[in-house]
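Next up: the structures, one after another.
You will see subunit A twice below: alongside subunit B first, and alongside subunit C after that.
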Partner chain A sequence: MPNGEDRADRPFRMSRRKMMKGVAAVLGAMALPGKDAPASVWESFFQKNFRELSGGDKARVIARLEKEYGDKYGKPVKVGTAPPLEGVLYGYGLDLSRCIGCRRCVYGCVAENNQSRNPQIHWIRVLQLNKERGVDLEEAEEYYNPSKVPEKGHFYMPVQCQQCESPPCVKVCPVQATWKERDGITVVDYNWCIGCRYCMAACPYGARHFNWKKPGLPAAEMNPATHYLGNRPRPVGVVEKCTFCIQRVRNVPGRYPACVEVCPVGARKFGNLLDPDSEIRYVIENKRVFILKEDLNTRPKFYYFYAT
Partner chain B sequence: MRGNRFPAAVVAAALCLAAGFASAASPEKTPAGKGTAAAAVPQFAVPKPPFTPGIFPCSDCHKDIKPNPNRRELTDEHTSIVLNHAQGQRWCLDCHDVTNRDKLRLVNGQRIGFDESYLLCGQCHGDKYRDWKVGVHGKRTGMWNGEKQYLLCVHCHNPHDPGYKPIPPMPPPVRPEDIRK
Partner chain C sequence: MRKIWEFFKGTLVLVSKGSTAYYAWMFSLLVLMAAGAAAYAYQLRNGLIVTAMRDQASWGFYISNFTFLVGVAAAAVLLVIPAYVYKWKPIKEIAVLGEMLAVSAMVMCLLFVTVDIGRPDRFWHLIPKIGILNFPQSLLAWDVVVLNVYLFLNLVIAVYICYKNYNREEPNPNLFNPLILFSIPAAVSIHTVTAFLYNGLAARPFWNASILAPRFLASAFCSGPAFMIILFQVIRMYTRIEIRNEAIFKVAELIAYSMFINLFLLGAEVFKEYYSNTIHLAPMQYLFFGLKGHSNLVPYIWTAMIFNTAAFFLFLVPRTRENYVTLNIGCVLIFIGVYIEKGMGLVIPGLVPDVLGEIYEYYPTGTELLLSLGIWATGLFVYTLLLRVAIPILTGEFYLGDDGVKPVIVDTEFIRRADQLAEKSYRD
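This part shows the complex of A and B:
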């Protein structure tokens, strides 16, 4: 898919600023911030796509966001911009023979990544499946709620963003607010997303979620260690998704994603696909592995496997 | 694509450098990689074994008791332990050392500490032990590209009754029709 790579490397050149000026001229003052809106509102309105920001512009944007979030949540907030690590392509493994469907990962993710509590947004969905039927998504049950898990005759398959190598969500975005980074993580620039939700329709895994309302994120529960392309607080009207905890993993040394750390049975594995000694490479080379909806040729970097 | 942009040799060199760097940064924390001898001890930071509070060191009580090596059902002490792990084929002193109560015992007679109990488990569960050493069975926390912590087998599996016990799930998601938009 040389096309996809080109698009990812060279962002769309027509600036939204010009386009929006045109739109504004047509729609009149309705589309613009009020005349006594604070300067920061105007600044964010005219902000460029993250990939086009120069060093100085980027620093100003980050300073503005850190101040905005700091004031809003009443604590110092860091908005990181760490670039991809060289020689790293992230891969994820999930052991279906271990997962017990306890949903610890779902809520660990919510706490780490500042999802809206109300209205509720979950980046991970755990599907309960029948052992007799195997991976039959038509039969999947997402709302199971017994007193204890696992239940007899069932197994569990958590689904989140599969970080596709050929991500259909990226192809359909009309403004290139979402793209695949060099380390394989598909990210969203929440300041550039126009909320059209084309990507949600294109994603075959239901991995993208829309902020229909202003996210309800209690200040006390807000995680202040954020990344611009990941878990920083989102505005209303934008799409969000799993980023393999970009704020954690893009460091040397970098922490495991929150879902890996919280899983009580160790069903979740994570590492560098380019490192032959990594856990994830061992899984791919030694276990029975499959990717979800392989026939769609999205080429996920999320590998389901059976360790036993 | 990727292969074309980075010739294999360059990638390999970069990885070697990265590997060298990682091991220099944490000399004694590198995982036991492929090719190391089966008996090689993984050098992970493992938390303390999960003893019942106040029970260790076992010798506190046992030093005054004359060892009785005869297989029997215990009636005075440790009665709450019900062996559900190949019972009938083994009893206490197959794993606990008869002379040094603060140690475990391998089939070859070697004494090991409770913090090395994976060696004992690995005698029968070789496949799990192999996977555990490379980080695939069990849970690792810490840094994906640096220092890791690893749990012992006994942190998740009660050695006397090792089946993983069911736990209550966290609440199911709200159904879309119940989310007020």
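This part shows the complex of A and C:
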């Protein structure tokens, strides 16, 4: 992030009026629901962890959220709760020899997953690396901005959630607001997360992102096909991350994650690790794959390889 | 029961009475607290975007202050050990002041954590049974437990000592000794757990060093007691309480040993990183010399290094240790030095450069500074209230009257030069 720019828009310009408004808001803005808040606010306040909701509770929560989002974005919004499919463990392959660093995956992901546009949240970070140095993160450049990619002497490595088999982020959460599902996807309950950001400190891949501000998501750009544990609109003050497009991949028939679909050079592969005939198994069998930071024993299900 | 109620009413009378200096002090703290509250309201309305924290540096000034203050809370144990384990009388008389400092430091710690979280409205998710406390997997869950236990323990001990003193009775050893002995491992536990909270993250090589917990303990035994030494002098100057020189010098001597261990452990870490010169050197390089032109922390850490080393020598040499000018200089140097080293100097390089090598230079915003100032003022406010009750009890100016129910309050001049205090009759 260019530092000067970032510091300039740090909004500490407190006028007296704003300050007084702030003082007045101390109690109200303790973020606890007020006395005459609508019932749905209290319902949301007392909502249990997603994994502890009974069938009936779950249906009520979903109805409440669909109404809330529908009113806010002015269109019917579906909040899915599709559980993991039996016999499925998702795996991802990324062909570094094909990736050209165009960042279409970054913005395809944002469009699909309802990330905040202002400030921008990107679940995929594409690193520009030097061919001579190989995968040397200390030399990586994330904010490359030439008129044309790929640039001579460089290659590109997109990094997103590696969906670890042994996720350090899950272990550290003090309230179990994040967990690994049976199909291998690590998810966050945005209604249970307290926003302590311990998981962000624990993640070795920079895959977790925080809503530092109320997410800016224009209604016109809002994708109404959502999943509770995935791309539904997020509140301020919680952590979010890539879910392999849980709202797409758990459907029958499923769809590829948005980043796989949008990649113009076919560098991204996705499939069921438990299915011997899947494309991801083909990649693992016939190419030589590596994982990021294997020394940390996180056992990612995100495999990098060089196909050509 | 009536007796306790009267005692409580007596404490309310005490805290509402004092010298002009007392009122001025408390009022200034209230002003700062109000400013802090306004900053917090502003942060709640706009989100944590008003801080300089971002995804790359996801913790900042609040967590730095929290970490430092966990250390300050150790002041208590450095007084408790000589006082109650070795029964050293000069310190035993004043150990309760250390416990009260621990209480105030814990209050500040909990406030700093609260203002750092994105959803304070969901704090109840941490309460076992009602919410879900991820114990024992999450070290943060451990921290929640040990910090609250330590706060509660010190509060109980301090209140119990004061109440017994007020009744002109000796504490019941069967009840009191186990509590006071338990407070020693409890103090060690808050440091160890807080250190492990960072230590356990393999993603952050700067923190992922086994030496972290011992370093935490060593520097904790410097900062808290340094604060106590200055405070003891203020207390004996402005109240009737007597604190002997030998108690102060003994604490200073203990600081010298702790500081030596702290500097030694730091040296061990610096050697390992620089000699092996792996990619894990980057955070330390960023801290001490700057990395790729980014060097926000460099002047601070060198200030801390110089201050800590200078203070170590001042406290090591008996002549400078027992001279109040050099002693006080040493205390200030240590407090600032450890504040930098154990605060921003520990937290920020853990996050910068980030896990993908990006360097985001964190520097707290005005909101963060103002809010933190408010929390410090709150801690001092709490501490002053506690002292306001404890000191008259210790000097025998607030005690149970002869009717066995009503309190007798002699002291109404809290915070006034001792030599100017009106000659009032003592109870004996």
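Definition applied: the second predicted complex is superposed on the first by the 277 of 308 C-alpha atoms of A that agree within 3 Å, B and C clash if a C-alpha of one lies under 4 Å from a C-alpha of the other, contacts with A are read in each partner's own complex, and residues count from 1 in each chain.
Note that in this section a contact is a pair of C-beta atoms (placed from the backbone, for glycine too) under 8 Å apart; a residue touches a chain by one contact, two chains touch by 3 or more.
Here the structure is a predicted model, which is why all the values come from computation and not from measurement.
Peer 1: Going by the contact rule set out at the top, does A:Glu142 touch subunit B (first), subunit C (second), both, or neither?
Peer 2: both
Peer 1: Please indicate which partner A:Pro119 is in contact with in the superposed arrangement: first for subunit B, second for subunit C, both, or neither.
Peer 2: It touches subunit B and subunit C both.
Peer 1: Does subunit B (first) or subunit C (second) touch A:Lys213, or do both, or does neither?
Peer 2: both
Peer 1: Just subunit B (first), just subunit C (second), both, or neither: which does A:Pro264 touch?
Peer 2: A:Pro264 contacts subunit B only, not subunit C.
Peer 1: Of the residues on subunit A, which ones does subunit B touch that subunit C also touches?
Peer 2: 1, 119, 125, 142, 212-213
Peer 1: Can you name the residues of subunit A that touch subunit C in the complex?
Peer 2: Those residues of subunit A that touch subunit C are 1, 3, 6-7, 10-12, 14, 18-19, 22-23, 25-26, 29-32, 45, 49, 52, 119, 125, 127, 137-140, 142, 159, 168, 171-177, 192-198, 200-206, 208-214, 235-239, 296-297.
Peer 1: Enumerate the contact residues on subunit B facing subunit A in the complex.
Peer 2: Subunit B reaches subunit A through residues 1-2, 11, 14-15, 18-19, 25, 33-34, 127, 131, 134-147, 151, 156, 164, 166-175, 179-181.
Peer 1: Which residues of subunit A touch subunit B in the complex?
Peer 2: Per the stated touch rule, the residues are 1-2, 5, 86-87, 89, 95, 100-104, 106-107, 119-120, 122, 125, 142-150, 212-213, 249, 252-256, 260-261, 263-266, 269-272, 274-277, 279, 282-283, 286-287, 307-308.
Peer 1: Of all residues in subunit C, which touch subunit A in the complex?
Peer 2: Its residues touching subunit A are 34, 37-42, 44-56, 58-59, 113, 116-123, 125-126, 131-134, 137-141, 144, 197, 200-204, 279, 282, 350-351, 353-358, 360-361, 363, 365-367.
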